[in-house]
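Each of the next two complexes has subunit A plus one more chain, namely subunit B in the first and subunit C in the second.
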Partner chain A sequence: MCQVDEEYQEELERADGPSVSKKCVKCKEASAAVVIRAGDTYCRSCFKEYFIHKFRAMLGKNRVIFPGEKVLLAVSGGPSSCSMLSQVQEGLSQKAHKKLRFSPGIVHIDEGGAVGQSAEERQRKVSELQAVFKATGFPFLILPLEQVLDLPSSVVETALSPLEPPPSAYKAAVDRFNQTSSSDYLPPQEREEKSLPDVQKSHTQLLQQLMGSAKTLTAREDLLNTLRQHLLVHTARTEGYSKLMLGDNCTRLAIKLLTSISLGRGAQLAQDTGFSDSRYGNIISVRPMRDYSAKEIAFYNHMFNVPAVVVASLDTKTSEKASIQRLTESFVTKLQTDFPSTVSTIYRTSEKLQTACRSSSSADHSDRCLLCVCTLDTAVEKASAFQATLISEQLSQTKSLGCRNPGQSPGGEDCGRATSGGGCCSLTTETTDLKSLLCYSCQLTIRDMSSVDHLPLYILSEAQRRQRRAQMRDEISEFLLDDGDEGIYREV
Partner chain B sequence: MAAPIAVHLEFGGGAELLFNGVKEHHVTLPSQSEPWDMKQLLVWIQRNLLKERPELFVQGDSVRPGILVLINDADWELMGELEYQLQDQDNVVFISTLHGG
Partner chain C sequence: MPAQCSSCTEKRAVLKRPKTGHSLCKECFFWAFEEEVHQTIVAAELFKSGETVGIAASGGKDSTVLAHVMKLLNERYSYGLELMLISVDEGITGYRDDSLETVKRNQQQYELPLKIVSYEELYGWTMDAIVKQVGLKNNCTFCGVFRRQALDRGAVMLKVDKICTGHNADDVAETVLMNVLRGDIARLRRCTAISTSSEGEGVVPRCKPLKYAYEKEIVLYAYFKKLDYFSTECIYSPNAYRGYARTFLKDLESIRPSTIMDIIHSGENLSVREGVKMPVQGTCSRCGYISSQALCKSCVLLEGLNRGLPKLGIGKHHRLHDKILSQQPLTEKEERKLKSVDF
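Then we have the complex of A and B:
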């Protein structure tokens, strides 16, 4: 008795004493193995049930994935995405209670070139993952990040999404699916062996140059995320998938939320951390793991032998203050040890964020950021905080802004000037012009780059295209009828 | 005098990068007068096994936040965390959750 009192006085947080076995709160018989959240103890089998059930519930609650749809799983090899892969496998298997009903494919993007891994390390990691993917039986693709340099500029254009189906369509689709397919489970197709694409050294060098042009680790990580997203969306489009599943877990999303606010991405929070993200139009990204904390995933993977690979990233073994992302991560994880409800509180806050319904008529491309493809948040009125930062930036710049935009006529002359990369005039013009096409946080990322010339061609050419269009619009603006005429544009 | 204790250590989730990539370690803790507890084990690991960057594994008395510890396949929070006394043939697993997904 005395001992219990002592414990209570010292640590108000801890409820349990030094006893070894606690009972599972669910089945109340087996001894507990895991502590989830603050004080819920589960035994192995109840934990497994809980874990599997949460995945189904997440997909079922948000009726975004329709039966029979092709869904691309983005697997980085880390614990969350491998856990997601195993849950999908589990859900699609014949004996599952309430089977999942979509056709998955797997894609893995090998970022070793950007992170500085040697060719042998990359090869080793890729072969490990290949073995894991083959065992699942789903069609898979392994792409090097270098392929992002060859993307077409259609990636950063927003494709018009099909009209939002009404809520009743989901139920109807499910009934239809159940009636038509008698043999529900398609046997895994034997795909012919796609040999891994060889990565040319020159491409890797270009990629490293691009990463090297970002001066801060924060900007580099942001850039890497953007490039990875572009490549994923492009792959989904070309391979005929309509949905993309990302493996972000609760802890990572909580960190991402706080990081995004620090990076100036407050306007895009709902899309960055919500369950579904429809900024790319015809490809919708979903995050089914967003309810799982990193701890739950790590436990499950260890206890039930889910194969995962350790993936080195840009901030591996860096110090705490190396980048904003890293700092936020250490802040949140530290807070989480003392206050186990930190991550879930942040998560619940992020659930309340919703994207304001944008009218689908704003398919005008210049309304979107060039890099992150979210709606621009920089078109605000004069007395806003954003304008204040612009003014203070101008006042504090020491070099004269003598190189104004010369009056350029649209067409060939423009291209020549922008890509020649000659004197300081064109470079300043280019940097300034890119800014007008970017949202606030992407502007900050670009500002941290020593030169924008290393950006992949598709980004630069799309930037020029938009600039030309903007100039054209300015030139004929006096001849355009006013806003009431948007209806005519829509039908075209 | 307590007898030397044989303990099986495992590192996963990226923590093995601090131990030369070696995931499994069978170690024998030398005998000492008091029984070994987790706190002392961490000090021992830091002194004998940790190859680099101790601040990425240990923080103060305990492990760095974000590293999970399992003792015999159960969460160490259920076992008393740092106060748990090690027994012979125990299995301790350290999993880092700080490496993406």
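Then we have the complex of A and C:
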């Protein structure tokens, strides 16, 4: 109705409800079993074909996954990621037409500690998932989110990414793979799965403290996302995977797009919602489910018995206005009922976006956000919204607020924990300093936190390292000839 | 204990700023508000000394405050501008006549010349007549397109160099959201710009000095300064699609007040992939106004109205533009498609 490039159909028909005598629009023989969009009725087998084909087409069109690569599937247990798992199984099975050619592994991150589930509930969910994963035969890992507290700071450093292969490299790799034939490719073996590590109560408490230090649900959800991403990337790196597959579907991504815009992540939209996300350098995240609407996935899972588990998240059973993410979700789903093309229009918009500056591997660390590892968008340009916010802050307060001079930032020997007797001054310097290392929306998240002390050590130590480096840079800035960082960070 | 103003710390605070949450006294708030608009004007280099500037005045809160602040800043900082008021009469009984009274009052208060252009004299149609033909669903399209041209025509008649409109931060944020929902990537790129480009015949560049001012702060300003304005919703607007974006934005603001600026920040930092098809600016072959198609939108809409085909112009009908231009009659099927209207 209000879409820009809308064509009016020849005759506007009323959308007929599904009736038993309706025929499948594809094969025109079998009777229809499912209505995907108004007017698109499919029979069982055509639907299955359509569903499977979309997955393959998505992977084939974006030639990002090379044959023989190790790919880590991030499965939360929800319908989308379980569907993705079953599609991968389907694609790798011997009888598949044009088999998929990569080696998958599964990882599940148990977030029960952050969400507030009891140990029994967590154990129950984990055993259910274990059974599902075992049945696939792929190597799998189940990690508690508490492990994020022990990560090394290399997670938030930008690793060197392999040089962008030329487009012809994909075809060449496929040919090479075919020639060496499938003898090289081993079917997934029965690996000893790692037993679920015991979660110490103290770790859970620390995690809950961290979550609790975020005052708003919006900030909490954002923080949880960041921590989960870090843990996923770290796991992929240590286990030797080069790609990460996420199970975001079209509906979820449309909601994510609107949420990201509302959170100030306009510069990072392409990475947040696009097919591939290369912000972590050597681990590339892909989203093969992004063409499927939640409805299609639900139908498929129901009709073909794909096992999935109910997973509680931070905003389950909360009111509509509890957080920005929750509000956007209810807004989009409601709008979708009145205007059925909403989700697909938003999806098409996201396809047309790109990241503002090419995130090259030679970018200096200080150009990346500490939390979300995207390029910083806080260059204060003339006449920008960011500048306007800064001016408003300034004008609403007295000028005589001491300790706001960035030159007085704590030195490198500070352990990062604000001394309790320091009073408000040291706390403001603490948060102001973190601010300079963060992108616009992560700054908002940190602003909503009562204290940054509970952040995991790897984040705080990396923050200090960058601050020390920035201080060094300031001291010698007049002698530096080149603008960017030199030597080890650049590609040779 | 009553809170102290966080800026001067002397007087008692009488309001809380929606934008930042700080408590301020009246004078400090006026100062902060006016200063922010001034900074916006200076940083974006909106005006040059000696220019004539037309203030688009509708009698509503945004344009009343805009007129007031522009006059104030012009004097305080010696911008050297000559200010005028331009108002558009869409011909909506019960709504526009009242707001026009407010504009006339503004004219007397601020001693600024005023020009009123009406749809009736420019196009031969009032909004009331249009709604009778078109219905209540797509009427906002007509009004918006006609108003844009009307403002430009009025500006040309008055010989102004620039137009400034009272669009506030909420409007810009709403527009960003709406363009995402509609999938309009071309507009999405342009809508956060503070001023439009100045090329083209008969096109006067326009800017939004209030771009970073929250709607609530504008109301606060008007309230404390005792500015008088007309504050009813247009009677034809309830079914507009924009209403969805507006409700969403209001809800977002209640969760996190900085969202409005965050959305504008997102909009400014968006970048579009190369190779995405964008419309190219040209001129209308009938009236000479700027247009990205052979016929400008208002010519198409007018044609539809005059021929009794109200749906012409709503939706994509580029193939029909040539037919219209060359005065060919439309086939019966095309006519039938364009006539149907649901109320």
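Heads up, the rule we're going with is that the second predicted complex is superposed on the first by the 427 of 492 C-alpha atoms of A that agree within 3 Å, B and C clash if a C-alpha of one lies under 4 Å from a C-alpha of the other, contacts with A are read in each partner's own complex, and residues count from 1 in each chain.
In this section, contacts are C-beta pairs under 8 Å (C-beta built on N, C-alpha and C of every residue); 3 or more make two chains touch, one makes a residue touch a chain.
Computed from a predicted model, the values in this text were never measured in an experiment.
**Student:** Name the chain, either subunit B or subunit C, that contacts more residues of subunit A.
**Tutor:** Counted on subunit A, the partner with more touching residues turns out to be C.
**Student:** After the superposition on A, what does A:349 contact: first (subunit B), second (subunit C), both or neither?
**Tutor:** second
**Student:** Does the superposition put A:76 against subunit B (first), subunit C (second), both, or neither?
**Tutor:** Once the two structures are laid over each other on A, A:76 reaches subunit B alone.
**Student:** Quick one: is A:206 in contact with subunit B, with subunit C, with both, or with neither? Answer first, second, both or neither.
**Tutor:** Once the two structures are laid over each other on A, A:206 reaches no partner at all.
**Student:** Between subunit B and subunit C, whom does A:441 touch in the aligned arrangement: first, second, both, or neither?
**Tutor:** The answer is second: A:441 touches subunit C but not subunit B.
**Student:** Scan A:302 for contacts with subunit B and subunit C and give back first, second, both or neither.
**Tutor:** first
**Student:** Looking at A:391, would you say it contacts subunit B, subunit C, both, or neither? Reply first, second, both or neither.
**Tutor:** A:391: touches subunit C, not subunit B.
**Student:** Looking at A:64, would you say it contacts subunit B, subunit C, both, or neither? Reply first, second, both or neither.
**Tutor:** After superposition on chain A, A:64 lies in contact with neither partner.
**Student:** If you look only at subunit B, which of its residues touch subunit A in the complex?
**Tutor:** It comes out as residues 12-14, 16-17, 53, 56, 65-66, 68, 70, 73-75, 77-80, 83, 93, 95, 97-101.
**Student:** Mind listing the subunit A positions that touch subunit B in their complex?
**Tutor:** 16, 18, 20-22, 32-35, 41, 76, 78-81, 83, 247-249, 251-252, 289, 294-295, 297-299, 302-303, 310-313, 316-317, 329-330, 333-334, 336-337
**Student:** Within their complex, state which residues of subunit A touch subunit C.
**Tutor:** Per the stated touch rule, the residues are 1-8, 216, 218, 257-258, 260-267, 269-270, 320-321, 323-324, 327-328, 331, 335, 342, 345-346, 348-349, 352-356, 377, 382-389, 391-393, 395-398, 440-441, 444.
**Student:** In the complex, go through subunit C and note every residue touching subunit A.
**Tutor:** Those in contact with subunit A are residues 6-9, 17, 19-20, 22, 24, 28, 31-32, 35-36, 39-40, 43-45, 176-177, 180-185, 187-188, 194, 212, 241, 244, 248, 251-252, 254-256, 258-259, 261-274, 276, 311, 315-316, 337.
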